[in-house]
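Please go over the structures that come below.
Here chain A shows up in two complexes: once beside chain B, once beside chain C.
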Partner chain A sequence: MCRTSLSVLLTNGGVGSTISTISDGKGEGDMRHNGHGVRSVDHLAYCSGMNDWNPGFKVVLSLGTLAICLAADRAVVSLAVIAVLAWLQNVRGGVRLSAYIGLLRAPLVFLLLGGLAVACDISRVPAGDWSLPLPGFYLCTDWDRARFACGLVLKALGAVSAMYLLALTTTACELVSVLHRVRLPSLLTELMYLTYRFIFVLLDTYGRMYDAAAARLGWRDFRTSCRSFGGTAANLLVVALRRSRNYSNAMAARGYDGALHFLEEKKPLRRAQVAWTLVFWTALLAMRLAAG
Partner chain B sequence: MTGKQRKLVRITACAALLGCVLPTAGAMHIMEGFLPPAMCVLWGVAALPFLLAGYFSLQRAVVRDRRSVTLIAMAGAFIFVISSLKIPSVTGSCSHMTGTGLGAILFGPSAVSILGVIVLLFQAILLAHGGLTTLGANTFSMAVAGPFVSFGIYKLCQKLRVNKMVSVFLAAALGDLLTYCVTSLQLAVAYPSVVGGVSGSAVEFLGVFAPTQLPLAILEGVLTVAVMIMLESYARPELCAVGFEEG
Partner chain C sequence: MREIVFRAKDLYFSYDGKKNALDGASLDLYAGERLAVLGANGAGKSTFFLCLNGVLAPDRGTMLLDGELIGKKERGRLCRRAGIVFQNADDQIIASTVAAEVSFGPMNLRLPEAEVACRVEHALDYMELQPFRARPPHELSGGEKKRVTIADILAMENDILLFDEPGASLDPAGEERLEAVLDRLHADGRTLVISTHDMDFAYRWADRIAVFCAGRVLAAGAPETVFRDTRLMARTHLRPPLLLDVFDRLAARGFVPAGAACPKTPDGLEALLGREK
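Moving on, here comes the complex of A and B:
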């Protein structure tokens, strides 16, 4: 975690609630209650067993795997990527398999719907191997389209696994520091850093407003819910603006001149990790060649 | 089973299926790895001019007043939180707003475009909505097309002296609908159908996502109006502070 006097100062206003909310045991219920996966993914990233890996290396590992999975475009390679990365997350990262599968479920729904649209064709007359008669038209598909769609869904799932490798093991501030190192304009990295922190301030504030409304039966029926939603969202903007004024005053008082400097933990690159990655990538490429 | 019972089972099965689909397919992000590489690059390039314009306008704002950095970051966080909130829905399952219409009306479309990229990146990393390779395509549909059209409709309605809340509703609902149409079109261009080509495929993608997206667009309009009514009644100074002009 990156911390200096300035970040500690920002923390006082409640930004640090990220860490406190997730470690005080109330986190789990809170997540389900408000339906935010944000906290759970952030929580997993901070607690990951792979947190001490070099962040730059993790970016290269997941982007490289992503690129190989997309470029290879073979079901075998996609399956290997999905299986190996799930194993890595479970054994090295310490993510429970059930939690990992739960996280994959959201993208899966989109992929299955999208895959369905890719696999099927709409036509006025029956065509292909199967046709499903519907009022006014036929929904048809054949073996080739179905196989292509399955491959596409698997490929995308492999790519999602590769992205999860980054998301579930690397904290957002480390990622921003990697982006800063590859020369993204400092205005943008600074904005990203502040936005990331403010997200948790606002989520925390919203959680309290949500509970306050719930205690007054504000989510009783659809009409009341709409009113309550309007009220809380509008109030959230007002609170957000007031907070942002306070933060900018506090930062100006501590000599903020347009650059945020953070101390970073040194996370050395390990030879075994690099060797493992090269073996993994070579195996994937070999599979691609073998699959023809 | 009697015919009546069978019908009941069928109806509840359909409702259950819809319930499974609604909660997670709320936001129309194109998932990681779903688009071919050429399309990823193409949509990224298409979004670039808008992003550069947004970046330069931010840079000017920051040079003018150093302290606006926290305000802009807070606006980004606000859009993120609004788009990740569970919204009330008739079926009882949870769905999400896109928040682009509200953002465009409050902060202006060019600011929202650059904030949109940051929000989409965090959505990919923190929520696993969308992806890194599909960031360009998602940016184009959600951070460029949606906000600019919302803002355009809002301004047009103001010119035509339409009731303010009606124009807010139209801007948010139509902006949301357009985002969904653009996303379907992006998918269709990437995967044209054998029989009908791009247009046939677009109809399929529109059809697949319509049951969740049409009610959501209307709901988004209603909720945006609810938020604006509250802001107008309780937070006029704040509205002026973010650059929202009086209509």
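Moving on, here comes the complex of A and C:
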């Protein structure tokens, strides 16, 4: 139980459980080590068909689309963003549509609940166009509010799609290198880089500790689980500290002198991609104007 | 005798200022040799490697590289000549893709990018890692990670390679692969130093054996000489390799020709016994 909660903590939200099925279709045996959710999103990014796109371009595409989707504030634009990005992920990225919808399900649940809260009002007397009698009060809404809530949910879903475009096609280290290029202090980018690597190292270690505790009935009931979780967490800290020393030794052994440098694979920007992006954005803007 | 590339004399090192991890260790490395370093856990093998590579500065003692004295401030020179493959690959791998990982060392040498790219390609080819180049290290198996860590060091083009218990986490197929790589590296003329607990491997593979105990080098010499020193074996809690043990028992009963040297492989022993027949 605690193990899933840790991996959920490391992913953004509750996507962990839904995505473990996605990479099966690719037929890669890489998930043998562990089926953690955070690994699956990461894995998708590494084997995405859009992995060879220029990472800076993908950031611009995602953020630009996100901005247009938010600024346009029209359901038709949001729908277009959702549909086009889903198509792109499917055709170019190679993510199965069912898997992609599965990924969107978790944020969708939150958005729908939030949308419901926006659309409905609680009143002691029936009000608006519809009211649902419940013991002691009425749940009421009217056309305008429902329309507004729908637009809001679609807009948010469009924004999530735009972010997924980035998350599912770009590896964390590429994102960091883009941030480095836009002059984020190297202290921060290097910290992000190492944190990213350490997540997997520690997740691995935690997995082994979890199994070792399980082998001694460490998770048999709530009290024992709490104690085991506390113990493994404390142990993880000690291991992390020791690991950090080993790491710094290993880095010094290869001539590390205070700045992390790696050779980056060249991923050229393609003209066709830029052209299509401009077409896409123009179409979105045209829709916005047409929608009035 | 081959020329000495590295000489350590009376090295002392302590992590905490109380207990000496190295307690007067002295050892010579000869160019192009295969040296196996044996010793119990905590005998100082890894600390010695870290000193040899320049990560740690010995508290006392002298280190000579190609006959030149290495002062504390010149330790940086050591990591250009000697590279360590760490025991735990996850302690060494730092980058998020295999190719970036291999480039880390050469980039730190401040080489031009074209040269780095060339070295990375060569190291990836050498370790047969091209199919994995864009993969994240956490998706690799233990054996694959070990190959990445070796490629890391190859890309730095060090001529002295130190392996800290490389076989520890490998399956038999992985070990076989490792030995093939070691043979190639030896053929390329590199100086190879391996710390190991596998006596059979050490006997079969090494030209010379050094035995560490409590921070000192108790013996360094030909495998047969070292392993036949029963007092040394008892003192350091090591055991002679199986083949040597079997050979000596056979020799005691007169099954092998008098004066024959112990072969390095079971096949060699079979040939020896066959000839006797």
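Everything below uses one rule, namely that the second predicted complex is superposed on the first by the 242 of 292 C-alpha atoms of A that agree within 3 Å, B and C clash if a C-alpha of one lies under 4 Å from a C-alpha of the other, contacts with A are read in each partner's own complex, and residues count from 1 in each chain.
The rule is short, and it goes like this: contacts are C-beta pairs under 8 Å (C-beta built on N, C-alpha and C of every residue); 3 or more make two chains touch, one makes a residue touch a chain.
Just so it is clear, the structure is predicted and the values come from calculations on it, not from any experiment.
Q: Give the label of whichever partner, chain B or chain C, reaches more residues of chain A.
A: Answer, by number of touched residues of chain A: B.
Q: When the two structures are overlaid on chain A, which partner does A:70 contact: first (chain B), second (chain C), both, or neither?
A: A:70: touches chain B, not chain C.
Q: For A:247, is the partner it touches chain B (first), chain C (second), both, or none of the two (neither)?
A: In the superposition, A:247 contacts both chain B and chain C.
Q: Where does A:42 make contact in the superposed view: on chain B (first), on chain C (second), on both, or on neither?
A: both
Q: Applying the document's definition of touch, where does A:206 land relative to chain B and chain C: first, second, both, or neither?
A: It touches chain B, and chain C stays clear.
Q: Of the two partner chains, chain B (first) and chain C (second), which one does A:236 touch, if any: first, second, both, or neither?
A: first
Q: Just chain B (first), just chain C (second), both, or neither: which does A:263 touch?
A: Only chain C; A:263 stays clear of chain B.
Q: Which partner chains sit in contact with A:118 here, chain B, chain C, both or neither? Use first/second/both/neither.
A: So A:118 only meets chain B here.
Q: Have a look at where A:196 lands relative to chain B and chain C in the superposition and call it first, second, both or neither.
A: Both partners, chain B and chain C.
Q: Quick check on the superposed pair: does A:91 touch chain B, chain C, both, or neither? Answer first, second, both or neither.
A: In the superposition, A:91 touches no partner, neither chain B nor chain C.
Q: Shared contact residues on chain A for chain B and chain C?
A: 42, 172, 194, 196, 201, 243, 247, 249, 251-252, 256-257
Q: Residue numbers of chain B touching chain A in their complex, please.
A: 20-21, 24-25, 29, 31-34, 37, 55, 58-59, 62, 66-67, 69-78, 80-82, 84-90, 94, 106, 115, 118-119, 121-122, 124-129, 131-133, 187, 191, 193-196, 200-201, 203-205, 207-209, 222-223, 225-231, 234-235, 238, 241-242
Q: Of all residues in chain A, which touch chain B in the complex?
A: 34-38, 41-42, 63, 66, 69-71, 103, 105-107, 109-111, 113-114, 116-118, 120-123, 127, 145, 152, 155-160, 162-164, 166-167, 172, 175, 185, 187-188, 190-192, 194-196, 198-199, 201-203, 206, 219, 222, 225-231, 233-238, 240-241, 243-245, 247-249, 251-252, 256-258
Q: Along chain C, where are the residues that touch chain A in the complex?
A: 50, 53-55, 76, 79-80, 83-84, 86, 88, 90-97, 99-101, 103-109, 113, 116-117, 120, 134-139, 141, 152-153, 156
Q: So in the complex, which bits of chain A are touching chain C?
A: It is residues 30, 32-33, 39, 42-43, 46, 51, 171-173, 193-194, 196-197, 200-201, 204, 243, 246-247, 249-257, 260-265 of chain A that touch chain C.
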